[in-house]
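Two complexes follow with chain A in common, the first pairing it with chain B and the second with chain C.
Up next, the complex of A and B:
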């Protein structure tokens, strides 16, 4: 008489003991019981280096100035960019920007008035304005019932706060949005105020004539970037960042001018200007799954095997302690690493990070295809 | 006191863009309804948009014929039933908790992240509407969370000043919330006596001094000159029961039948929504 064997369906097994479940899935080649199954597949059927396809859809909202919907498997993020005006009178410690015209329209024409400061200095100045006046305001909302652990009615979870801060710092460090696009100039000669696109030429003329009517910054656009998770299934940062980039690429701001009579900034209803977004940074995340379970911290235990799981889902994220996120940008031909973040363990060494750059590069190509 | 758990942006308050109205004023100012008085807008309903939740649904109401007016877009997820925390007092019924939240980009004015009183109000009305439909004593000592994100409210993007329309917008939002929550509850497999759906009817006065007020279903504030009264009804069709009735505005005292008429039109709108709901659920089963 044989002992009765208990057969559990896979989802139940995953709920009861997730770690052995994932481990057995990953080591399926050793068992080789089922030749039909591809070797070393994850519980979600993907290979370790396989990502979920990313789908991006732009301009799905009508009240926002730019928006995007990004789907990464079962993770769905909705991003809306809304611009509001910040008059300079409301900025404490405002430093007037007096260099007329330089780098104002897309840069590059650094012929006029560059008093000593080179390109780098100018870029630095712009970065300073963005950060000092806090012109980019990203916020991530997870508490939309996107997953059972995120319920509304409580303050944002640590994860939501971390994600917002990571997006915030990455926005500033990548220089995705230039401050030139966010400045609103008082156009003194509002006779030609209609064709603001041509203003670059007009300003150059003014400079040559000698600046009697000074052109000053009267306000800044503040971009409120709000991200709403509709559905959450792991890897929130990659999805959120892709949504931010897609939404910013979709953003167009109304052409604004200074109305001296009303003493306020008014915007044109019909004219819009596309926001310039530099480059296409793409985030790529992987989690490290270790053979020994999280709880058991054995001393002197031999190093177990580990797997690098690209684009982890919700189950995998709960089982992995260590994760790496690399942000790369290959839009100007060569791969540039914009940021590397690694937390939670010591498995990933220098070689692994170097190898990971290649994976991230591959991911960049996929995302670039999806963004078009 | 700024919320330190979020990124708040600049210290000085920002102002939403003010548009130059001089250039484009003209045909836009004529307000007219693009549908017959007793026709509701088309809606699209889909269940199972949030796989990590027990049940979920997405509702989208057709964008109006007037350009610039967005349709309502709602996403709802249901979590539970699950056991109440130990600290909670004993409950012989299922405890419903409803959350309705506008997304920051849902309306013309940017919304904050903290729930404001109108959103709480919507949540309470929604709870009342659903309570009558759920068979609550099948799950003692348990709770269910119903969370609705209003991704986009129906508002006219073009009008620059607010005209006190938010009150009427809330009616439409509630009607949508009830329908989408019923779909999500069914998707979560929570037993209900019937599918509840929301419908809105309003008494409107169109342009012209001496025009007689008429009753219309599914009103869009931007299509009417003035809304005198509106009511939102949650209705169970097979039981012929109203689970929630929300009436706002004032009716002329001269006509007594007007109130009943308004409620009947609301029920008619609700029946229309229910047809979509049942169709969507039948599609899911197949």
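Up next, the complex of A and C:
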């Protein structure tokens, strides 16, 4: 006597019991001899180590100072960078910046490979300004309708808040934008000199100017980085971060100068200068799918099989508890890790993290190609 | 290693009305946690097969912002793995963590509310939550211990600082938080800054030495550790001795 078999169409199976559905897809190798059945893959047809190609389009918004549209499969993020001037009189507890010391800092920092973290007090000064005066303001909105779980008329979800904290932290810890680009000086001309030629002759000239007349910072540019998820199909952080980097690389600010007669900062209508973006950090996310639903934690050895699903989509994200995000930057030739975030389980240990660095490196090359 | 390696302190059952509570202070941070559960879950949080774990982090000053939401989500995903959530379907286990004191930052322009991620508080949050869960008697698969490690470059030399101060976090090249379960599984790994895989490996070893020290029964493994690490705090032993003294005090009448 055989058990009656019920045939279900794939979409229905996926809705009724998503976990066994994904598991069946991943373990289809046993039946590979049967040509009628597809080889082992995820439900979206990708291999476990296969990412969705990233498409980045720059300057898609005409009224923003910089913008980008990034597509990662069905996840689409629109990022706009809007710059606003912040006069120093409006900053509480403003500390005047020393031009001479800063010139040194800019040069030394550039030579260091775009890292603002290491050079002791001097490098820290710039990082401190960005943080203290909140010169970078990222905000993430998950649009209603981008995915079924986002309801209209509710306060920002925990996901949106978490994402903006992660973007904010990473923006500061990577030193992607240097504060020297965001300063507006009182001496006309010195601002442009400091931006176009950071090292060398321009610097010596600035020092002289600083001695003869008082040169001070009169305003800062504040960058409002707004991200809107047009459609959401998993892996929001990778897409959001790629959009931020692409938009900042696209950003050019109007040339601003101090008008001593009117005592205000005026911007040029035509002249613009490109924002310097240091390095190209790329985020790479993977989720761990466990064979056993709600896998046992903490035994040290992994029970049952598990799969590392690179660039998870929405269905996979709901079925996976453990995830890892690694941000790498290989633009100096050497692979530097900028951030690791691993949470939600014990499957990913030391060896997997080491191995994941290689996967992230590969992803970096793909994204670098897409960003050009 | 720095002088800040003061021994952690903890007290269990400090709040009489909650199911379980703990007060913990280490490396300048003082936190109080309360655990209530399993209690009835709200309709939207109700899950048919497992308990919903809710973590609320309240900062020392002001209301919680996006940073607290991020810390909550990290803790939630980690603690939900430790608690036997399948034992309590359709219920809620609520963990409230109140920061009472955080270390002073001598830096001038310190703001009250900051949006950036504060990794240094993470170990204290994990430890306090675990102690409160133990105090409440919530069934768990394992306990967990966590530590923060910063890699500081000073005069061209690399230095590893355990439990860094806020100033050290700011000047550090990279900051790492690692949490291990009592079965030596890596539960949580958060790092930011600029580092290589090799540096991360060193940090992992240091953190494992603090969080996963073998018990006093196995002297052989403890001997392998060098003097510096041996003098550092042994988190697992601390957790154990805190529980033991609490149980001893509770059973004193027998």
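What we mean here is this: the second predicted complex is superposed on the first by the 306 of 372 C-alpha atoms of A that agree within 3 Å, B and C clash if a C-alpha of one lies under 4 Å from a C-alpha of the other, contacts with A are read in each partner's own complex, and residues count from 1 in each chain.
What we mean here is this: contacts are C-beta pairs under 8 Å (C-beta built on N, C-alpha and C of every residue); 3 or more make two chains touch, one makes a residue touch a chain.
Model, not experiment: these values are computed from the prediction.
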Touched partner set for A:341, first chain B, second chain C, both or neither: second
Chain B versus chain C as contact partner of A:128, first or second or both or neither: second
Touched partner set for A:252, first chain B, second chain C, both or neither: neither
Partner chain in contact with A:168 - chain B first, chain C second, else both or neither: both
Partner chain in contact with A:331 - chain B first, chain C second, else both or neither: neither
Touched partner set for A:84, first chain B, second chain C, both or neither: first
Chain A residues contacted in one complex by chain B, in the other by chain C: 134, 161, 164-165, 168
Parts of chain B lying in touch with chain A, wherever the complex brings them together: 5-21, 23-24, 49-53, 56, 63, 68, 70, 75-79, 97, 99, 101, 103-108, 110, 113, 115, 145, 147, 149, 151-152, 155, 157-158
Chain C-touching residues of chain A, taken from the complex the two chains share: 93, 95, 115, 117-118, 120-121, 124, 127-128, 131-132, 134, 158, 161-162, 164-166, 168-170, 172-174, 294, 296-300, 321, 334-346, 348-350, 353-354, 357
Residues of chain C touching chain A in the complex: 50, 66-67, 69-70, 72-74, 77-78, 80-82, 85-86, 107-109, 111, 114-117, 141-142, 153, 170-174, 176, 181-197, 200-201, 204
Complex contacts: residues of chain A adjacent to chain B: 61-64, 67, 74, 76, 78, 80-87, 90-92, 133-135, 137-139, 141, 144-148, 151-153, 155-156, 161, 164-165, 168, 222, 224, 226, 228, 230-233, 254, 256, 259, 264-270, 314
